[in-house]
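Take a look at the structures below.
Two complexes are shown next, each including chain A; its partner changes from chain B in the first to chain C in the second.
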Partner chain A sequence: MTQIGAHTERVRQRTHEGFLRHHGFRYAQIATGLCVAAVGVYFVTAARLHEPPSGGSWLGYTLGTISAGLIVWLAFLGVRKRVITEGHYSLKAWVSAHVYLGLSLVVLATLHTGFQFGWNIHTLAYALMMLVIASGALGIWAYATLPQRLHANRGEITRRQMLDALERLDAQLRDVAQPLDRAGAAVVRLSVEDTELGGGFLRRLTNNHGDDANQRALKALRNLPPPAGERQAEALAKIEELLRQKADVLSLARRQMQITAMLEGWLFIHIPATFALLAALTAHIVSVFAYW
Partner chain B sequence: MAQDFHLKLITQRASGGDPIVRERTVPGPEATIGRAADSDIVLADLAIDLKHAKMRFSGPGRVSLESVSGLPFTVGGRVVQRADLNAASHPVAYFGSYALAFEPAEDEGVTVTVTRDDQEHHASPSVFSLQARFLGRRNMAWALGAGIFLVCLLVPLVFAGVLSHLQIHPDQQWSSGPLSKAHAFLETDCKACHVNTFVAVRDNACLSCHQAGPDKGAEAKVLAKAKDEGSPFEPILVSEHAEHAKLEKAAPLPPGLASKASVIIQRAFNHPTDRCASCHIEHTKAKAPADADPHAPVTDKPDLTVTQTCESCHTGMKSRLPKTELIDTPDWGHHPAFRPLVMTAAGPTPTFTRIALTSAPQERNGLTFPHKLHLEPRGGVARQAIDLGKANGYGAALECQDCHRAQPGGKGFEPIEMERDCGACHSLAYARGPDGKLKYLPHGELQKVVDTLAGRTLQGSPPSGRQRPGEIRPQAFSASGASAYRATFSKGGACFDCHTITWAGDTVRMAPVKLTARYLPRGDFDHSIPEHGAIGKTGKAGSFKCADCHAAAKSEKASDMLVPDLPKCAACHGKTTEQIAAAGKSDCAECHSFHAPGEATPPPGHPPLETLRWTKDVASLGEGG
Partner chain C sequence: MAETYKIAIVGSGPAGMSAAAHAAKKGVSHVLLEKTDHLSDTIFRYQKGKHVMATPNVLVLRADCEFDAGKREKILEQWDADVKAAGVNVRFKAEVKAITGEQGAFTLDLGKGGTIQAENVILAIGTQGNPNLMRCEGASLPHVQYQLDDPGEYTDEHIFVIGSGDAGIENALGLAADAGQGNTVTILNRSADFARAKKANVDNLMAARDAGRMTVMTETTPSLVEEGWVTVDTPQGSSRYRCDRIIARMGASPPRKFVESCGVTFASEQPSAFPTLSPTFETTKPGIYVIGALAGYPLIKHCMNQGFDVVEFILGVTDLEPADEPLLKEKLKGLPGNRSVSEWLEFLRSNVEILNGLSPLQMREFLLDSEVRAYRAGEPCFIRNEQGSSLFGIASGSVKVEVDPANPNITVPIGQGSIFGEVGLISGRRRGATIRAAEPTICIEIPRMAALKLMAQVPEARDTVNRITTERQVLQIFKSGLTPEDIRDVLAGSEVMDVKPGQPIISEGDLSDDLYIIRSGSMIVEKDIGGKPVFMNYVPAGSYSGEMAMIERSPRVATVKAAIRSQVVKLPAEPFRALLARKPELAARMQAEMKARREINAFIEEQKEQFGGAVDMYSSVANFLIKQGIGEATDVLLIDESLCVGCDNCERACADSHDGLSRLNREAGTTFANIHVPTSCRHCEHPHCMSDCPPNAIRRGPDGEVFISDTCIGCGNCQRACPYGVIQMDKPPPKKPGLLSWMLFGVGPGPGQPDYEWRKKAAKAGGAESPKLAIKCDMCSGKSGGPACVRACPTGAAIRVSPDAFLSVARVDKVVARP
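On to the complex of A and B.
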């Protein structure tokens, strides 16, 4: 088990540092170079432009064309990752380029705006792009740090094992509760039938399970009238023990869910915002030429 | 025969495969149902009470089922406390997750098949993933994308025209920035300028409110249109710098590789660079110069982008416009010599020719007039002016402004009027009427003079010298003792001094006279500024006097051109204040502007927008020019 764990650790570290460090930060260098060049050209040229800097100057069009091309290419990661290919343009290279070139858009597209913003489709496209980038940055952070936390959290237990443990505990609870009267049975049913492992996005993300049925069952157990007989007393003691065990497993699984939610949550902004951005970008470009 | 319950307990194997079936018989007539281990039928479901219900035979093949715990059960979809069942109809009673199916047994008893609906939900590890809960990621993406596509692109593109009738302007969201204050009234009316979709704003759109000429009527119509559109300001009417077709041709590609590429690409994509909108940029914040006039903010008007300098087009123009007559002016140092409009034939419709001052042109204005004679400080003219006295506006040797009267503001001069400007000395009085008042010859129309003098003979005796105003000039009529008519037009006569006169028998011929109003209509010159003499400005001493530029004191002929040539300007313009105190700028804008080359370029922001608010009725607009 330890050996397998160590192996997984190595593999994990290699892949996750991989897309950021890919090819000696090649794409980080390309993206940085692109940004530095754009900033340099902007500050040399913008002052010499006849008109106030905007997307309508030659520099604006150039930066806009590069930015739009990048956005479309970046969005293609969704297609690319579904296609299994071999060769130099590995998915890892794509992801690495996606990350760094995506970040470079902050500079390129901002310069494209000429720092002119307003309540219009153009700024909407810009805002959506920044939202996509911000959520993507969250994703980079998540992918770079969370797998480790996920691993540390679960230790050597797999998710499957967590679920199995919960099922086993529920089965035991049901068995042990058989001799109990209606009130006792209700307490166990509360835990077995009403406990919700996950919940909605926010509940998962905040890991706030204040109304957890298992906890309520534990509380209710203590408020039960004294057991009728020795058998019942024994059952109740056993049930309390089982409920506590279940609480521990739940806590572990929910923490796992919380980290997973963080790991996956950004995509729920990144992907829809990307689609919205592509539409807004189309509207931005078409409208500019429609009302040239 | 006793009735028994034949129990058939069926349990599904967790690992799958055939279920386990156990059979047992419970002797009648009654059996207990519950979770308690001592029940006849044990239902190990926590939802079921320890002693939940009992059943008993109520007849052949009939069973009565009754709750003893107060907790119900379900039969035929109804939640009940009690039920009478006929085994023949194969009823099923549900207790929690258990189903009790009744059917007649071979004996008189009943077979009860107990099964558990063991649909235990086995969670999959995918519950850890958000996808398990959040089904709509893809749908959300498509909905958002499609929504924006529809609202922000399709609707404005297709329905902007229709919706504008309902005062809805979906295309307004396309505006990349606010319009200047001058055009703000068009903010919701994109189509006013963006007439054709996917066609860059053309000049026609601009000129529909800004076209100058060709006549006052047309201009009034243009202004009326602007007012109808809702403009709070009177638009500035403009003329083309040159024939439009030649403009783009005359302009070279701008300097810089990127700008060149930009222009070539724009032209290739039907985005000409010689449009009004190429220079007058809207939807962007105008750049205000540091020394901007706060009373004439440039931000009130579209931002002016200078895409070409004067010099860039006016250098090597012949290579682009072979037929042009314009002389290149690559810079101030190479400004061609002034080529004033020189009158080559006077008359009601005089002819003018542009002749360079360097070739010493002579003007044929039909007049005999020596400036030198009039300006000599000790000559007869000076003496007469002194004699006229201060009361008559003279009293000293003549100065330029004694005859040349400044226009209001002092920029230029009023045209010379003989009676007003020369009449003080050159009297046109020819007789004294019965009331004692002097009679004057009508100046300007030869025939009227002839008619006035017809039949009149000489009066008075011939003195010498000129007469003062208010006196008749007797020698005008005494030249030859002949008729007053002949005398007036002969040497010594009133007309002879200044006009070129010939005779055809008894008929007088007079060379037509016309004085040039403006010699250099392609450039501006303001006499009123201090450095130019501060003409018309009282209390301000000009740096220069007229004589510094105009060599009138030496001119003996009316045909002399007294307009100074370029070196006079260059004495100050293009110099530094170290070189000369009155140093002036040397850029083209000093004397020329793009739309009206004959006028200097107004300072940025001028005229102030607020001064353009409508003050008159549309009908009278444009009358003021």
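On to the complex of A and C.
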């Protein structure tokens, strides 16, 4: 089989690798190398120092500078992600580097401390950094495991379609409720007017909708007195079916929101902690040089 | 007594109206016949407030009516005023049923409106045609209508919509949209499913049915219409329903039949052909003239200019300088030879073989679309692997083809009068070889659409292109120093075949032994392993298939069938075997390739035994992708759902690198296994969207991207033509505040496509009215980093691939056997 000409194209993402495996684990290797080198140098030089190793030694300064530089650069991912420039860059490569170099900070910054901790601004900066890294690790877990569930849950139904389906069901409920008496209409109104799809972040994350108005409406429907006429009975049967359909769509949409919340939940720690870390880091550096 | 006019003009669109206005200005006795009760029905039927554009910008308007880009209402108002001011004699509701007689004494039959006598007739009826009419009894009752302008007009009625196309479905949905209107809507479909309509429309229809807002009756036809009632035939028998209104949307029949019945000949049998015209727009029937869209000029400015010109011609003016003269002058400026425009036209027409059959008028139009290029000796016309689908004709000089990419000194000459670039034209693939001018050379470069039009209009041109294409393609595919002499016998028995999607050209186990060249489209190779068809390979255009059985005289080892509508060339086995015997080099080459292929087959079979599940999976993934139209794609966006975190950064990146509008919808689209095909352009080999673009604004860029240039007039044809729903009509939002001010102060909508509310408010503040234009993926054309959607994916879920790279066996383990 002959094909005329090979493709010569602009830079193109041809290989199909996730961010963790990017470029044959290139950044994992770089980060590991960095850590191994730092640990090696630390234990070789620590023995020869006059005083116990700390951030104030030449090794401490070197590790500190590398770590501080890394922290600032890692935080820069937030900007990189949002600025779509024309040149060649791959956000996937950035994320890959962010993950592995971020993890390497556990080693680099710990060595930088010389294992000296205390109740001061310096240790606060260290603790905040560890918090950022821990929340980031949570993120890695989320990104590596949740996408499958996210997409398996929704199938080929889009968010818009879920909302449309709910709207459509509500419209049908209103239509069908026309011949009902006051009590019946109240049941439909309960479902149509009081059902809350999402709610706050915690509610979305736990997918706990115990007081769901649609469920309450279903229950109330069953407790209604027997219908007065055939027309009413027919309407009530139709309404029960619609409420069930609505319950199905609601649980699908809420599961979707739950997984989405899990996928972004860790960011609610990661991002604020990053800003706190940047502030503490600044204070740490300023105080070190002010009290030289 | 019938009235007699010097000129009768049929159709009051831009062309007819302009002709009538000019006739009126000149004081010629005339009549303008319009079948509806208003001027310019096509534009009248545009949606309210539509912005009508005036392209091509460079063309000077020469007419007695004004026209400038603007809102539909403003333009129609202007024309009404112009027609009145010019003193045009208009007859509304005058539909011409037949034209008989000869020049000087034509009779126009207006049905109930009597007859009209005219010396000359101008047909300016456009291409919209007449709606197909209901044929059952009672179909002529007044409550049967073929158009729905405003669904909100009708309340509390029993309405039947007949027709299963998009128009019918949209009308039915519109009528049932507001329950408050109280309409009882029923849609009738003659067949069992809605195959002709867009999926989204059918989905909405089914949803409306399920919601009880309307009734859908399939396999049903109306049989009797009465006042207030309709009787329909269903599979269960016939029944009678209340019916206050029938809206019949059963398509339209093109006006060709009517035009031919007037004695006018068309250029060819093809549906896309136009009437044969003289340089003065006169048809083969003396005294009948055709202008406007029916003559092949869909743009308003062209139409109006032709209206002016044709009246001049009828009045005996022969030296009228065409309105496009300055355009052509500009186009031909700077070329060597110091020729005038008409000398150039004649020079090109007589020197390039495929243009010989064109009339000067066609030649003019042709040149407007094409480019004349002068090359110095050694200058490249195009480079190997460049993307291009235009055809070149050599008007003087000659070129040489570098057939061997490894050694540019091996060249094959092509001389004056011949053509080149035809393989790219037909297959839509990249250029197969570099071609340079051998001496100072003048070529005409004909874009694909113009070339296809030429082939449809002039049968000789089509035959020439086809003959040369087959010959060159065979030479190019088999290389090995073959010459046209060598393959003469092979070509003599060759046959060009059209293959429908799914139709096999080779069936496993058959004893046939012909060789096939895939000329356009693509094929998939399947082999029956353990009772199941297993996907073996994807064969793109420009390749061959079937050589194993030809060489070894053995039964076929696999089935080769079309992935999409394709064209193949069948080469008979016997002469080819004789050729192999004469050319050991070619035989060796084919043997080597066959060996490689056999290894692939063996590999798959072995895999199948060891990892049956993985191969089945790969096979079904490949089949899924082919079903999604990947077979005609050149570059498609896929999303790996095991990596996608749903952050929509791809959409945001797309919006931010393209005037603030995203051209892709990540969530929408279909999914199979882990592979999601989002709603995004695939850059088809032969793009459906290109097929009917009045200003020719859709083109193919250097990287293979199909893009819409800024000459778009917003007509929406491409959006309707795209089977994948990737084109949207929208206006770009105003500029957003910068990223920093959003991050720090929360000003503006932030990255990505701004929401509708923000856009509306910002557009209002901006003031200027901007038209809705067609918007689609341009693969980030001109951006060195490549497509932004892929670059901006944080997890590597989004990839852009070409099908031949993606559907190769090398992926058996990669696609599915990932942990």
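Just a few scattered comments:
Here is the rule we go by: the second predicted complex is superposed on the first by the 270 of 292 C-alpha atoms of A that agree within 3 Å, B and C clash if a C-alpha of one lies under 4 Å from a C-alpha of the other, contacts with A are read in each partner's own complex, and residues count from 1 in each chain.
What we mean here is this: a contact is a pair of C-beta atoms (placed from the backbone, for glycine too) under 8 Å apart; a residue touches a chain by one contact, two chains touch by 3 or more.
Owing to the predicted nature of the structure, the values given are computational and were not obtained by experimental measurement.
Once the two complexes are laid over each other on the shared chain, residue contacts for A:163 go to chain B alone; chain C is not touched. Of the two partner chains placed by the overlay, only chain C lies in contact with A:148; chain B stays clear of it. When the two structures are aligned on the shared chain, A:18 is found in touch with chain C, with no touch to chain B.
After overlaying the two complexes on the shared chain, residue contacts for A:121 are found with chain B alone; chain C is out of touch. Of the two partners chain B and chain C, more residues of chain A are touched by B. Once the two complexes are laid over each other on the shared chain, residue contacts for A:64 go to neither chain B nor chain C.
By the touch criterion stated above, A:260 is placed in contact with chain B and with chain C alike.
In the superposed model, A:52 makes contact with chain B only, not with chain C.
In the superposed model, A:90 makes contact with chain C only, not with chain B. Overlap of the chain B and chain C contact sets on chain A: residues 158-160, 175, 260.
On the side of chain A, the complex with chain C involves touching residues 1-14, 16-19, 22, 79, 81-92, 94-95, 142-143, 146-148, 150-151, 154-156, 158-160, 168, 171-172, 175, 260, 263. Looking at the complex, you find that chain B touches chain A at residues 35-37, 44, 46-47, 49-50, 69, 71, 120, 122-125, 127-134, 137-138, 140-142, 144-149, 152-153, 156-157, 171, 173-178, 190, 194, 197-201, 258-259, 261-262, 271, 281, 284-287, 303, 305-307.
Those residues of chain C that touch chain A in the shared complex are 179, 207, 211-212, 384-385, 405, 423, 429-432, 476-477, 537, 539-540, 542-545, 593, 597, 640-646, 649, 652-653, 656-657, 665, 667-671, 676, 703, 739, 743, 751, 783-788, 790-802, 804-805, 814.
Those residues of chain A that touch chain B in the shared complex are 45, 50-52, 54-59, 61-62, 116, 118-122, 124, 158-160, 163, 166-167, 174-175, 177-182, 185-186, 188-189, 192, 197-201, 204, 253, 256-257, 260-261, 264-265, 267-268, 271-276, 278-280, 282-283, 286-292.
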